[in-house]
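Each of the next two complexes has chain A plus one other chain: chain B in the first, chain C in the second.
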Partner chain A sequence: MDAMLVLDGLTKKYQEVVAVKDLSLELHEGEFLTILGPSGSGKTTTLKMVAGLETPTSGMISVNERDITFLPPNERGLGMVFQNYALFPHMRIKDNVAFPLHMKKPRLPEAEIGRMVAEILQLVQLDGYQDRYPSQLSGGQQQRVALARALVFHPPIVLMDEPLGALDKKLRSAMQLEIKRIQQKLNITTIYVTHDQEEALTLSDRIAIMRDGEIAQLDTAKNIYEHPNSSFIADFIGESNFVPVEIAGQEGEELILRIKSEQGSLIRCPRRGAQPKPTDDLKFVIRPEKVAIGRDLGPEAKLRGQVAQVIYLGETVKYIISIDGSYHFSAKEQTMDIRSHFSVGDLIDLTWNSENSQLLS
Partner chain B sequence: MRTRISRFDRRPVWLYIVCGLVLFFLIMPVLIIIPMSFGGSDFLEFPPSSFSLRWYRDFFSNPKWLNAAWNSLRIAVCTMVLACTLGISAALGITSKTMKKGGKVFNVILLLPMILPSIIVAISMYMVYGQWKLIGTYTGMVLAHTCLAIPMVVTLTAASLYGVDSNLYDAARSLGATHFTAVRKIVLPLIRPAILTSMLFAFVTSFDESVVSVFIARRNTATLPKLMFDSLKYEVSPAISAISSLLIFATLAVFCLRFVINAKKEAAHEKVH
Partner chain C sequence: MIFSQNAGSGRQREGASLPRRRSPWISSFAMILPSLILLMIFYFYPMMKLLPQSIYEDHAFTLQYFQHIFSEPVYIKTLLRTIWLCLATTAINFILGYPVAYLLSIVKSKTAGAIMTIILLSLWTSLLVRTYSWMVILQRTGVVNSFLLALGIVSEPVQIMYTPAAVLIGMVHILLPYMILPIYSVLRSIDKNLSLAAMSLGASRTKAFLRVTLPLSVPGIASGILLVFIQSLGFYVTPMLLGGAQTLVASGLIDRQIFTFLDWSFGSALGVILLLITVLFLGVFDRFFGMDSLQKRLV
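Up next is the complex of A and B:
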């Protein structure tokens, strides 16, 4: 399958500041790609360059093998949903949605426009609101209008810039499902920008995590979560334990790591990829929910520690466990299977499936 | 809730007195001219000893005054159209994202005619327009008044444009609108109130203008303020007060029209909500 959208070596500089640095990625038809990153990571700038609202300093953008790098936005034919909806306040809902259709050349017959507007409003479940003004709708409804307006002219690609940023949590998760439903129904190729990792995991086929203008990792949601390629990603997506370690030795496919502490307990970790340089600032990384705890686990035990804090979170209980008296390790347990409840000061064993642990720099 | 508001509502008496005095000094000299214009004597007097409409009759039967009024109106309308077209275009440029620092410099240059003392502007225009053979022409009058009205238009519309979310323009562009269409269909409708106000102020700026007009208008292009100035040189006749009153009424009428339009629009908007 050929790539539908190709970004090749895209760079954007503002005077001395590099907002986006040599960014390349490919998007296939019907794919939902999320660009995820902290604020200032260049994700919105990237999206705006694709939309034509920013001009890249260098690099190329092409859609279906047509170079659109320097095409004005109105000739790109891409749909865009803005963070604050950007509905035209002086136009009724139907005129907002019909706007891109009225811009089409040659002109579409009015009846055709009316039919398309009604159809898309039905799809976003807003039929009956045609004659209202944007200010008369709730945030969620305005978001649906923005979506309808970006989809009504059947663009090959839809760009969404934090479209749910202004909604409350409940509404946001409802709208996520809604966007996913519509995206799949119309099989629209989508680039979605957000700083909300949960949103990214819910919606995306693939996620590109950006940091300082570069893609730090581009992979499926599952791979990014299970196998982050840097401690930045492990920290940014979900929660992780980071234990500073040094390499103490090697046994077959396993590395022996020594925790940088006075006691210097040893941990084993599977070796993946290239041999890390011993000079690197190495960290042993594992997610809290992959850590199991218990009393006297015998040979299963990988580390010993002391419970320093117990935090009840509703769905889960989080234990903060002090290792070697200097590092804090967290472990999460589903409240469902709390058979043995530990309290502060208890000495416990920690264990995990070594496939879930990683050595990162 | 209600009691708390009323506690702040009770303002000190001296505040009312100060406000009253300010209003008095602002309006009184202007208002005093209206009863004077209805006087029947040959001299300006207040309060008038007799009542008559003779000075108004004088105005409407004198072709010199009527011609000046017609000139004023024509020049003001042309100024309004020209100043708004240029001023709004300039404001769009100044406020555009692509013009970060240059916009501010440009803005100050555009404001100069408003900042400089009008007598200096008038003398410089007199010199230059003399060279260009624009003295005593309608073109000259409209150009001069346009220069004076542009700062007003730019200031008013730029302030309003800064309030327009730039995403709306971007959205229009991404939905297929050209730059021109996006400005015409989205940006301009959103700053409509500011445009109407600028049109009004541009009109009034020209209609009331006297200093520059005294220098560059001649008999055939004389506006009302210019003719009033000239006739004051020879006599202080009650005819002037009649004409002043008419000007006051005309100006007030234009402003009232603006308020009525506004009120109507608001009412229409209310109905929708």
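Up next is the complex of A and C:
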């Protein structure tokens, strides 16, 4: 399958500041790609360059093998949903949605425009609101109008810049499902920018995590969560335990790691990819929900620790466990299947499936 | 019109923030009271003293002064001249002012500050000083004529002073800030993403401006036009100094009737006509622009 959108070596500099650095990625038809990153990581700049609202310093953008790098935004034919919707306050909903259709050349017949507007408003479940003004609609409804307006002219690609940022949590998760439903129904190729990792995990086929203007990792949601390629990713997506370690030895496909502490307990970790250099600042990484705890687990036990804190979080209970008296490890258990109740000061064993642990620098 | 709006918005804010329920009318009335008293003493009272003078002669009702105005072509001509000068001033100010306001709204704040200082500087300079400056520039031996003569465009000085052109130039210059400022304040409040959104949806830069930015700036244009037109109708110093007796406007005419001929009744009648023109303009304006509804829509 050929790539629909190709970004090749895209760079944007503002005077001396590099906002986006040598960014390359490919997007296939119907794919939902999320660019995720902390603020200032260059994700919005990247999106604006694709939309034509910013000119790249170097690099190339092409859609269906057509170079659009320096095309003005109105000649790109891409749909864009803005952070604060950017609905035209002086136009009725139907005129807002019809706007891109009225801009089309050659001109579309009015009847056709009316039909397309009615159809898309039905899809976003807003029929009956045609004659209202944006200010008469709720935030969620305005969001739907913005979506309808970006989709009505059947653009090959739709760009969304934190479209749900202004909504409250409940409404946001409802709209996420809504966006996903419409995206799948119309099979729209989408680039979605957000700083909300949960949103990225819910919506995306693939996620590109950006850091300092570069893509730190580009993969499916599952792979990024299960196999982060750096401690930055492991920390940015979800929660992780980071234990500073050094390599103490090797046994077949497993590395023996020594925790950098006085006692220097040993942990085993599967070897993946290239051998890390021993000088690297190495960290043993595992997610809290992958860690199981118990009393006297026998040969299954991978580490011993002492409960330092118990935090009840509703869905889960989080245990902060002190390892070697110097590091804190957290473990999460579903409240439904709590096997044992521990309290502060208890000595416990920790275990995990070694596939879920990783050595990162 | 403007007062009732202020009172209305004040009332809403009050109602939302006060925990105690108090009649919203009383508090909003208290807020406008100082300005109301001021207007009563210095505006309504003199006007009420003046108006009867135009329709009473020895305690008997008469329309003779109004008849007098409409029977003398010279007065009608002066009134018409006043109206077209004001319309021209307003139109030219719009054409000159909108681009400046637009520029102000898109440049960096530092540049905008510099341009703004220039605009405000001219606003802060005394009206008299500015008008005299124009006299210096426009007179027979002034800058413009010296320039034209030196370039050989004309062989003898052109008469600019005391023509409608001189009055127009002076009025346009002095009233320009009143056009720029309200338009700028509205343009600045328009979300920049709106025109970007229009462009991303297929509109060219021009179309995005015409379909989005321009219609959204209508409230600013409306205030600018109102401010400039109404002020120019009553303009006195500038037309008197730059237009003199040859290009007389309504305010000059009234002044002459009252202070030269001591004919208070006739002067009052002219004043009433000028007031009626203003009210008529406001009415027509409100009808066509429907400013109230426009502003509501923008909130």
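The rule we apply is simple: the second predicted complex is superposed on the first by the 361 of 361 C-alpha atoms of A that agree within 3 Å, B and C clash if a C-alpha of one lies under 4 Å from a C-alpha of the other, contacts with A are read in each partner's own complex, and residues count from 1 in each chain.
One rule holds for everything that comes next: contacts are C-beta pairs under 8 Å (C-beta built on N, C-alpha and C of every residue); 3 or more make two chains touch, one makes a residue touch a chain.
In this text, all values refer to a predicted model and were calculated from it rather than measured experimentally.
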Simultaneous placement of chain C and chain B on chain A, clash or fit: clash
Which of chain B and chain C A:74 touches, first, second, both or neither: both
Partner chain(s) touched by A:326 [first = chain B, second = chain C, both, neither]: neither
Partner chain(s) touched by A:153 [first = chain B, second = chain C, both, neither]: both
First, second, both or neither for A:133, with chain B first and chain C second: both
First (chain B), second (chain C), both or neither touched by A:82: both
Common ground on chain A, meaning residues reached by chain C in one complex and by chain B in the other: 51-53, 72-74, 76-80, 82-84, 86, 88-90, 99-100, 103-104, 133, 135, 149-150, 153, 159
Contacting residues of chain A [partner chain C, same complex]: 51-53, 72-74, 76-80, 82-84, 86, 88-90, 99-100, 103-104, 133, 135, 149-150, 153, 159
Residue ranges of chain A touching chain B (in the complex, touch as defined): 51-53, 72-74, 76-80, 82-84, 86, 88-90, 99-100, 103-104, 133, 135-136, 149-150, 153, 159
Residues of chain C touching chain A in the complex: 191, 193-194, 196-205, 207, 211-212, 215-216, 297-299
Sites on chain B touched by chain A in the complex: 165, 167-168, 170-179, 181, 185-186, 189-190, 272-273
